[in-house]
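Structures for review follow.
After this come two complexes, each holding subunit A, first together with subunit B and then together with subunit C.
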Partner chain A sequence: MEKLTIVEKKSGNPVVVQLTGEIDAKTAPDLKLQLELMIGNGGTNFVLDMAGLTYISSAGIGVLSAILKFLKEKAGDIVLCNLTKEVKDTLDLMYFTKKVKVFANVEGAIASF
Partner chain B sequence: MMNKRAFIPADLALELIKNIRVLALAGKKKFNQHLVEPLAFGGWERDKAHLATTSAKLMDKIQEEIKDPAYEKAIPHKCKRLVSQSISESLSALGDSCIFFLERIQEMPTLANSEEARDFVFIIEKPLKTFAKETAVANEERFETSIQSLSLDDMKEAFDTVRLDGTRKKVYLEKTIHNLYQQVLLATKSNNLARCKKLLSTYILSYHETEIYNKTEVETLLNALDKREEGFRKLIWDSLAIEIYYAVTRGILEGNAKKAIQGIRKYAYIFEGDPDSKFYYEIDGLERKLYGIIQTKDMMKDLRKV
Partner chain C sequence: MKIQKEKELLLEPNLEELSTLRKEIRAFLGEEGRSILRNRIVFCLDELVSNIIEHSGLKPTYSKIELRLLSYPTFWKFILIDEGPPFDPNLVQGKDWLDLYESGAEGGFGLRAVKKLAYLHYTRNVNSSKNQITLHFRKGKHE
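The block that comes next holds the complex of A and B.
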């Protein structure tokens, strides 16, 4: 089973988080915990760099939905960038790309805030 | 060795009911191994000579007696007698009797507390859960095989959510949802929690993915009902997870991959990746197989058009 690596590449506004590996039922709780910690440290706007992400299940999409909802209530947001084909397909199929903005690269995602 | 439970929670009774229904699809041998033998070895079997009436008639009689408070204390014993005699009657009679007993346990706290109910669950819980575990493992492979042969049209249909394309259809659905919602409110006001649970479950299961599902109102109702009866919210979500998971399992066992896929997607929408929800890992395993096949067969571009 592939693991999920979560690295905070840039702090401040927005926070840039690099995700590598897979988000499924086993790794989704860790993603939730890490994002909540970053929110606890003052993060309100997030760029999730998914270049190294090879799989996401609805457990992962559920975590992103819940965090997105929480952030929107606090005038924050999440944007995604560098999506692999597999991940983009799944996010499209679950209509998640209708809820978040998707960018081709990190620079474009940061500039959107 | 498991200890005997002090009380039988409603969600456990529901889970056992679903296990028995799936067990009935698995054939005689499994039914004997996971239900008949444990009950017989547990000393619950009665001789055929004792059969005075059929279990179907006995169920009708118990159902009538439940309405009369004078019989309240006799119900647990009568339910035990029902199960005991149905062992010698037939496999379907035993299945029906066990489900009848478990359904009444769900509805009646006094029965859920009784020695007979605790004994019954003590005997059947472990073998049924062993069966469920074995089935879950085998089902991942069955599921993979069945979706391999699914056509693009079938897959599209399985992924199609409720479409509100025509005004008439939309009006009809809005009316149905409105009526159901009014019934939920009425049941809440009359403090009929069992009916509330049933109606709310139906409402969430049937309409969660539609545009006009009233999430805020459902949350308000759940909060209010949870204050009235602690654990109501957990009970309803656990029951929904059990319902969906067994619809998926049934779909796989019956070779109906479309039904299984619809269940997996329904689960994803309702539980939104909550790791505390029942069958979280089982559904996740099936979902991985599903997306794997979709990628391999390059169906994604067509499915996205749905």
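The block that comes next holds the complex of A and C.
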């Protein structure tokens, strides 16, 4: 089974989270749980590094959308970086790239906060 | 038109099967066509199968989801069959994109996205009590 690996690469503000593998209806709940734990630990701004993410389904978009809404209500945010062209195409398809900022690399994403 | 290649998959109605499903579809598609198109095909089938697993109430021990993959010279054809209750995805009138995002909804994105990418031909076989959805994707210049 293709797994989703979620690693907190940097704590603080923003929190940098590295996502590797595939997000689907099976793995999306893991993503939600891990992001909620990081929010519970004080995280409000997040950089999601998707360099190693090879697939995202609508379940993944749903989790990110719900977390994004929650964070925005607390003056927080999510930004994305290092998207593969396939993942970007899926996010574009669901207009999610109109809801979040997308950066070419982690440094640019961190500097946006 | 002559079939160049075909494959049939039988899947347990279990979310654990999704990664295998995607792997099998990718292997079937090979390197033919652009990677974006291949990813969109994988996405559509992954979403439709996820929907069946999550909403049809099928029990893994008793039912299988059947996916037929067919490659023709100018297009791919995919036929998805399940034994769930009648469900025509074309009749679903969900929230629009703006409402989905503004409400913070976690669901409702998938079917809407699939319908942007492909026409879903739905039939219900009354005799076998099965749903069938057929999708086509063009190959070549028109991708």
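General observations
To be clear about the criterion, the second predicted complex is superposed on the first by the 113 of 113 C-alpha atoms of A that agree within 3 Å, B and C clash if a C-alpha of one lies under 4 Å from a C-alpha of the other, contacts with A are read in each partner's own complex, and residues count from 1 in each chain.
Everything that follows uses one rule, which is that a residue touches a chain if its C-beta (ideal position, glycine included) is under 8 Å from a C-beta of that chain, and two chains touch if they have at least 3 such contacts.
What you see is a predicted model; the values in this text were computed from it and never measured.
Once both complexes are superposed on subunit A, the partners subunit B and subunit C clash. Using the contact criterion defined above for the overlaid structures, shared-chain residue A:Asp92 touches subunit B, although it does not reach subunit C. In the superposition on chain A, contact is made by A:Ser58 with both subunit B and subunit C. When both complexes are overlaid on chain A, the residue A:Ala25 reaches subunit B and subunit C alike.
In the superposed model, A:Asp49 lies in contact with neither subunit B nor subunit C. Once the two complexes are laid over each other on the shared chain, residue contacts for A:Phe70 go to subunit C alone; subunit B is not touched. Stretch 22-30 is the one among 4-12, 22-30 or 220-228 where subunit B clashes with subunit C after the superposition on chain A. Within subunit A, the residues touching subunit B in one complex and subunit C in the other are 24-26, 55, 57-59, 61-63, 65-66, 86, 89-90, 93-94. Across the interface of their complex, subunit B is touched by residues 24-26, 28-29, 55, 57-63, 65-66, 86, 89-90, 92-94 of subunit A.
Residue ranges of subunit B in contact with subunit A, taken from their complex: 159, 265, 267-269, 271-275, 280-281, 283-285, 287-288, 291, 294-295, 300, 303-304.
Across the interface of their complex, subunit A is touched by residues 15-16, 18-20, 22-23, 35-36, 39-40, 42-43, 46-47, 50, 53-54, 97, 100-102, 104-110, 112-113, 116-117 of subunit C.
Against subunit C, in their complex, subunit A makes its touches with residues 1-2, 22, 24-26, 55, 57-59, 61-63, 65-66, 69-70, 85-86, 89-90, 93-95, 99.
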